[in-house]
Amino acid sequence: MLFAVRMDVDLPLDLDAQFRDELLATEKAYSQKLQRAGKWVHLWRVVGEYSNLSVFDVADNGELHELLWNLPLFKYMKVTVTPLAQHPSAVAG
Amino acid sequence: MLFAVRMDVDLPLDLDAQFRDELLATEKAYSQKLQRAGKWVHLWRVVGEYSNLSVFDVADNGELHELLWNLPLFKYMKVTVTPLAQHPSAVAG
Amino acid sequence: MLFAVRMDVDLPLDLDAQFRDELLATEKAYSQKLQRAGKWVHLWRVVGEYSNLSVFDVADNGELHELLWNLPLFKYMKVTVTPLAQHPSAVAG
Amino acid sequence: MLFAVRMDVDLPLDLDAQFRDELLATEKAYSQKLQRAGKWVHLWRVVGEYSNLSVFDVADNGELHELLWNLPLFKYMKVTVTPLAQHPSAVAG
Amino acid sequence: MLFAVRMDVDLPLDLDAQFRDELLATEKAYSQKLQRAGKWVHLWRVVGEYSNLSVFDVADNGELHELLWNLPLFKYMKVTVTPLAQHPSAVAG
Amino acid sequence: MLFAVRMDVDLPLDLDAQFRDELLATEKAYSQKLQRAGKWVHLWRVVGEYSNLSVFDVADNGELHELLWNLPLFKYMKVTVTPLAQHPSAVAG
Amino acid sequence: MLFAVRMDVDLPLDLDAQFRDELLATEKAYSQKLQRAGKWVHLWRVVGEYSNLSVFDVADNGELHELLWNLPLFKYMKVTVTPLAQHPSAVAG
Amino acid sequence: MLFAVRMDVDLPLDLDAQFRDELLATEKAYSQKLQRAGKWVHLWRVVGEYSNLSVFDVADNGELHELLWNLPLFKYMKVTVTPLAQHPSAVAG
Amino acid sequence: MLFAVRMDVDLPLDLDAQFRDELLATEKAYSQKLQRAGKWVHLWRVVGEYSNLSVFDVADNGELHELLWNLPLFKYMKVTVTPLAQHPSAVAG
Amino acid sequence: MLFAVRMDVDLPLDLDAQFRDELLATEKAYSQKLQRAGKWVHLWRVVGEYSNLSVFDVADNGELHELLWNLPLFKYMKVTVTPLAQHPSAVAG
């Protein structure tokens, strides 16, 4: 079951540099683990913004919430969720 | 080069039924031709709305505009375009 | 899997009275069939508006879209969907 | 008398960890007491956000305000209240 | 129990003049009956707009909805409801 | 001459407790003096929010501005002013 | 007593040309009579829009409402009213 | 050439009192010099807000920007500029 | 003196085809005459929308308003004007 | 390939003066290098705001994102990107 998710990141300007680096490394590892597991199926950068547009493939709403809530950057993000369905004109199923 | 495109359709309530059916058939054929050509790479229905979220893969801005401008439903749609780029955490290139 | 759905109805002012009555009767029957089937689990009127706030319990995004898309009043509505999950402080499961 | 209430929580990023844990424990206890008393009749997490959608069943506007104003997290929340009424198509009273 | 209600009227430009006059007379009579009954306790014109700001005193949400839904101008209005409570600094109870 | 005024209070989270208590006591005294003087004719709490909806009766725009500008909480508030006039359907003058 | 008033005009596209000319001539005469009477003290065109920014000098809210309500173009306008007061840094009284 | 300019001031709550007084005195002197020079032709307080509505008369866009950019309060303000033109119904040129 | 101007076109869906063609030809001729005169210095299509982003170089606000007001498509457009000035980091004057 | 980019700068009020001067000098040098390289083809100040309207000419979305992401002021800016295409009425290619 697919969901589009837009994440807009807003890090505090005075975040400690080392903490920030570790945080971003943790976020990257977390994201890549979910990508490899087939949960986080698309991840694109929005041009000119500290934001991404993503697509998740999950079993249900609860799983999606757990994945997002546990994002290392969650408390620094605005997250917008859009449930998706099969489009009748889509060639691929 | 990728672009996210959201299309919100607003057909007039009194559209002639036959005209509407033909219009939608033309739209579907147009969309599927572009999907098969690898230009319209994702097409999802937004749940509960007469809208889709799509991703296009085009050579440049001009090509994207031509594809969208010539949509049979273009005059009945609000179209929102978001340019995308490679995300540094994306596993796939 | 639960979703909150708000529906804002906007009937054309010049809708034929008989057509309108039949339309509303069909909508009511459609809604009550889904309520009895346990799919449309809550239906409340928003005070002072031609709107409702509802909760649906469905198997997945696709089922929710089908139920909403086939509402007899769908073309006269603005529909807003909010995916819900279990809250950690909720007493009931 | 029913009201839908959406609560969007925005904790300061630098909140002391112990204070935060106690605050959340107090909030949870407060919420569960009201749920058990039949005042706070539904509590759902909004997927991907630090927010909930709730339904309260109270005697009047004044009681609702007292319950919300005394939420331990009240000063960290944006609260949106929507009065609800019986819907003519609702199967359940 | 008090509610602030703002009503923004938007009559069709081509409304038949006689129908419009009768409609407005019916609305006025309806409003004055509720004012005299102590249900519609304040009614002010918003300066420069075809709008009013009102305060209703009703037994519950359901009664308020019935009063508003049956306004002769209801289908030509946007209605915004704000539940009110006693303010701790108010001199009058 | 009447004006509706909505005040949305946003106190800093780290305001000194004693300062806060004194500030609120001063605000309450200021408000009640104006209420007793017949300037601040209605004061209602907006349910679920740190906000009030008020009605002022003043000689002119300048007097209203002075009353609002000198509110002890003014610098912590967002104030929205709506000029009111006699409504032609109002029973009371 | 001064008020800033912005008027955004939205004439129906199919308005009869003669009716439109007469309407605009009536509006112009009405406006100029108020300007000469010292009620409508400033009238500027907003560049690129069918809108004006005006300043009115009236005895009270009620007079302003009467002047605006009776504008020949009133039913084709969105009107926004902003009450003004003497600024402490203004050189002129 | 005329421009309407709205300035919304937002001073930090913890601004040093002496600094604030000097800043406001400098702003007032700057404003009055421009008013006397015939550049800042109107200055009104917006009732109930720390805001003003002004009209500037300048040679061109560049001059307006210089005047605004050098406001002592510029970094504490949100500034909104609306270009104005002669209105065909204006009695005064 | 430069102004950015965005024009969003909204033609009625039922516009007569011949009228529409003539209207668009007139608009194009009008635009190209101003481009050749050095008044309309940039004209770009906004990708995926019936909109353009333009830059005008005019003597003053009044000239800009005249040019825009006389656009053949003016009554079918929403026009947004942004005054521009020399940027201190711009290499070209 | 052209993109309009609007940048709204919001520097912290308490930024160290020397750091600020160096930051702005770095930003200016970065901008001018891109201007001379033909990537940043227009740069205008928005009148009355700490903002610019720019046009970039880049090979693709990815290049635009890199240029913007590496702006020295990036973390202090809100950036809005609008893809542009050739307009059929443009005289210049």
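We call the chains A, B, C, D, E, F, G, H, I and J, going by the order they appear; numbering starts again at 1 in every chain.
Operating definition for what follows: a contact is a pair of C-beta atoms (placed from the backbone, for glycine too) under 8 Å apart; a residue touches a chain by one contact, two chains touch by 3 or more.
Only a predicted model underlies this, so the values are computations on that prediction, with no experimental measurement involved.
Asks: What is the minimum number of touch steps required to go from chain A to chain J?
Replies: Between chain A and chain J, the shortest chain-hopping route counts 1.
Asks: Out of curiosity, which chains are bumping into both chain F and chain G?
Replies: Common neighbours, chain F/chain G: E, H.
Asks: Would you mind checking which chain's C-alpha centre is most distant from the centre of chain A?
Replies: If we average the C-alpha coordinates per chain, G ends up farthest from chain A.
Asks: Based only on mean CA positions, could you tell me how far chain A sits from chain H in angstrom?
Replies: About 44 Å, centre to centre.
Asks: Per the centroid of Cα atoms for each chain, what is the distance between chain E and chain F, given in Å?
Replies: The computed centroid separation for chain E versus chain F comes out at 23 Å.
Asks: Send over the residues of chain J in touch with two or more other chains.
Replies: In chain J, 2, 45, 47-48, 61, 64-65, 81, 83-86 touch at least two other chains.
Asks: Provide the full list of chain pairs in touch.
Replies: The list of touching pairs comes to A-B, A-C, A-D, A-J, B-C, B-I, B-J, C-D, C-E, D-E, D-F, E-F, E-G, F-G, F-H, G-H, G-I, H-I, H-J, I-J.
Asks: Can you tell me which positions in chain C touch chain B when the two form their complex?
Replies: Touch residues, chain C against chain B: 5, 12, 61, 64-65, 68-69, 75-76, 79-81.
Asks: Provide the residue numbers of chain I that touch chain J in the complex, in ascending order.
Replies: 2, 4, 27-28, 31-32, 35-36, 42-48, 52-53, 55, 82-92
Asks: Hey, which residues of chain F end up touching chain G in the complex?
Replies: On the chain F side, the touching residues are 1-3, 60-62, 64-65, 81, 83-86.
Asks: Touching chain F in the complex: which residues of chain H?
Replies: 11, 13, 45, 47-49
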